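Shared chain: chain A. Partners: chain B in the first complex, chain C in the second.
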Partner chain A sequence: MTEKSKEILDKLADVIIENKKHLTKLDSAIGDGDHGINMARGFKEVKEKINGNNYETNQELLKSVAMTLISTVGGASGPLYGTAFLYISKVIPDADFTIDSLIEIGQSAVDGIQKRGKAEQGEKTMLDAIIPAVDALKESKENGDDLEEALQKCKVKAEEGMKATIPMQATKGRASYLGERSIGHQDPGATSSYLMIKTIVDELYKYKD
Partner chain B sequence: MVNILLVSHSVEIAEGTKELAEQMKQGEVEIAAVGGTEAGELGTNPDAIKSAVNEIDKSDGLIILADLGSAVMSVNMVLDWLDDEVRAKIQLADAPFVEGAVIAAVESGMGNSMEEILSSIESAEIIKKN
Partner chain C sequence: MKKKLVNNPDHVVEEMVEGIVLADPDKLSKVEGYNVVVRKDSPNEKVALVSGGGSGHEPTHAGFVGEGMLDGAIAGDVFTSPTPDAVFEAIKAVDGGKGVLLVIKNYTGDVMNFEMAAEMAEAEGIEVDHVVVDDDVAVEDSLYTTGRRGVAGTIFVHKIAGAKAEAGAELAEVKEVAEKVIKNVKTKGMALYPCRVPSAEESTFTLDEDEIELGIGIHGEPGTERTEIMKADDILDELLGSVIEDLPYESGDDVALMINGMGGTPLMELFVANRRANQVLEEKGINIYKTFVGEYMTSLEMAGVSVTLLKLDDELKELLDAPTEINIMK
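Right after this comes the complex of A and B.
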């Protein structure tokens, strides 16, 4: 199971590194222009770390990812994503993922980010992509969707959430200093969160059989 | 004496503010400064903050001043990792970075308690320029 999780995290790191320029461009419009650089640096270290070590459990693997991000990212996304992965490490099972375990994982990420950033949905942050994705999973559980349907809906809602940050005025983070001028730009944090959710969903799909 | 830890995105801001505060301090107040990422770029390095918190004497209390976003967030994260006993000795001040550092250095040197210093540097009066 850790091999599968490692592959997903490795791919996730690749996607973040590939999007370095895109994320930095988004951050240059409303922030300090370092989101892509910081995230790419952190995930490059994550790749080296996880590929150079063996982990007995997913918990150990995720904790290692968390501590690497906290130590190497250098911007707010380090403590935010680091704490998210740390919280995920406390709940992640070694068994195959189910809708229930994915809800627990997603909710832990939200709790970790809120613990550090104290943001709510609608403040133009990473949470605007993640919370709708977790809500979609909860809805799928109620509707009795199968895992495949649930994952697809989760990805769609994360993308919608990311795009919904464009008309929002930022009230947290550096972008909040811009006031109304933050309106009209897609949030870089919501974008990196969407990219991670998309990658996780796509990778889980590959393994669904 | 209450000691002071300065955490900035920039090593120059952290060191410069330390220099400014040290110019005013009396006695043995210890002032530590942490700034920038491990690579020396703008940003914060939680590992460096953690080492600084561990190294500085906290027996009479430690006041931390941080500048923006990730500096504040990283400090809070490091504080969450500490044992309750150590954590209770430390306070992240709701104070402006430069003014807070200088006034904290002066008051600590006068032998004021952590509560007295915090009440001064968290007061809106200290940022008034007119």
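Right after this comes the complex of A and C.
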């Protein structure tokens, strides 16, 4: 079971590393221009760490990812994503993922980020991609969607959420210093969050049977 | 802007920290495995003062490690908050049993990473408290922002809280005087030319040849207003005007003045700025008790200047004058 999770995390790390320049460019517009650099550095370490170790449980694996991010990313993203993965590690099962377990995973990521960053939806942050994705899963559960449908909707909502940050005015983080001038730019944190959700969905989809 | 005196952008901070310690090997040491500079005689039997943040602001913070100022400084990656484990190592290295005060500049990442480190230290039974410096008047302080940024005024916190700790004060007293400084210190900066992070290919922002940016942050983050280049005196009037009206500083006040170069500004220009600042303060009847001109809180090779005022009472004057081995704060 940890092999599958490892593969997903490895792919997730690749995607973040591939998007180093893209994320840095978005951050230069409204932040301090280092989001891609910091994230790529952290996920390069994550790749080395998880591929160089054996883990008994997903919980151990995710905890190791969290600690690696906390100690290598820095900035605000380090504690935020680190805490998100730490919270995920507390709930992640070793069984195959279901809509229920994905909701629990997503919700704990949101809880972790909110504990550290004290932000709400609509403040032009990573939460604007993650919260709609978790909401979509919750809605799928109510509608009785199958896992495949739920995953696709989750990805679409995350992307919409990321794009919805463009017209938003930032009220948290460094972009908030810009006031109205933060409007018109896509949030780099929401973008990295979307990339992670997209990768997780695409990888899970690959394994759906 | 492509040229830099760098070997490998990934190692620039570590190599810098090694160089800082080698420049004063009798007084400083590096914590093995971390980009942390501490007083070589650590831990001392006094409240310890620790600060840190992203690199690229040198001499901040490692350049202020020494008797009378900081006990330890953590150097994060360029313009990036250090991680909690590094801050924790600094705390452990300097704690002499009387507690540790963390001086944090108000940036989301810094506050989060230092708070996580404080939680780790408290779990090990080390007494830790912190203050957050937010002296940049360019940023509106409101419910809708992260609050004001911490910039050059931080150096006065290091100096005064450092002197208080050196005098044998308790943690709560050191924190109290640090907060008094924070309440009375205001800064505003501007940029003539931008800077580039070593690992990035582009400058963090661009300015046209005839354009300047007022209210610039120390990470190249955009300021509040872009305007055509003005004469030095007009720029100073603008910066100092915002600073004075913010506290406000009033006729009869005693202040410390800091004219801070952003990294790529010739000293000649900083002295031109200081001349005007003196004129303006004299016109307003504000007394300059002590002047500091030089590079204190830089932003890589950014050209520009920031102006800081600290309103002084007798206690702050005495602590500002207290001895320190940091030459540029004597």
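Keep in mind that, in the parts below, the second predicted complex is superposed on the first by the 209 of 209 C-alpha atoms of A that agree within 3 Å, B and C clash if a C-alpha of one lies under 4 Å from a C-alpha of the other, contacts with A are read in each partner's own complex, and residues count from 1 in each chain.
Keep in mind that, in the parts below, contacts are C-beta pairs under 8 Å (C-beta built on N, C-alpha and C of every residue); 3 or more make two chains touch, one makes a residue touch a chain.
In this text the structure is predicted, and so the values were computed from the model without any measurement.
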Label the relationship between chain B and chain C on chain A in the superposed model as either fit or clash.
-> clash
State whether A:Q121 touches chain B only (first), chain C only (second), both chains, or neither.
-> neither
Is A:G78 touching the first partner chain B, the second partner chain C, both, or neither of them?
-> both
So, A:I70: does it touch chain B (first), chain C (second), both, or neither?
-> both
Have a look at where A:S28 lands relative to chain B and chain C in the superposition and call it first, second, both or neither.
-> second
Determine, under the contact definition given at the top, whether A:R174 touches first (chain B), second (chain C), both, or neither.
-> both
In the superposed arrangement, does A:N38 touch chain B (first), chain C (second), both or neither?
-> both
Just one of 206-214, 224-232 or 242-250 in chain C hits chain B in the overlay; which is it?
-> 242-250
Mind sorting out which residues of chain A both chain B and chain C touch, each in its own complex?
-> 32, 34, 38, 70-80, 116-117, 173-174
Using the touch rule from the top, collect the residues of chain C that touch chain A in their complex.
-> 10, 54, 76-86, 107-109, 112-113, 116, 139-140, 144-146, 149, 197, 199-200, 202, 204-205, 217, 219-222
In the complex with chain A, residue positions of chain B that touch it = 37-39, 41-47, 68-70, 73-74, 76-77
List of chain A residues in touch with chain C within their complex | 24-25, 28, 31-34, 37-38, 41, 70-80, 116-117, 171-174, 176-179, 181
Once bound in the complex, which stretches of chain A touch chain B?
-> 32, 34, 38, 70-80, 82-83, 116-117, 173-174
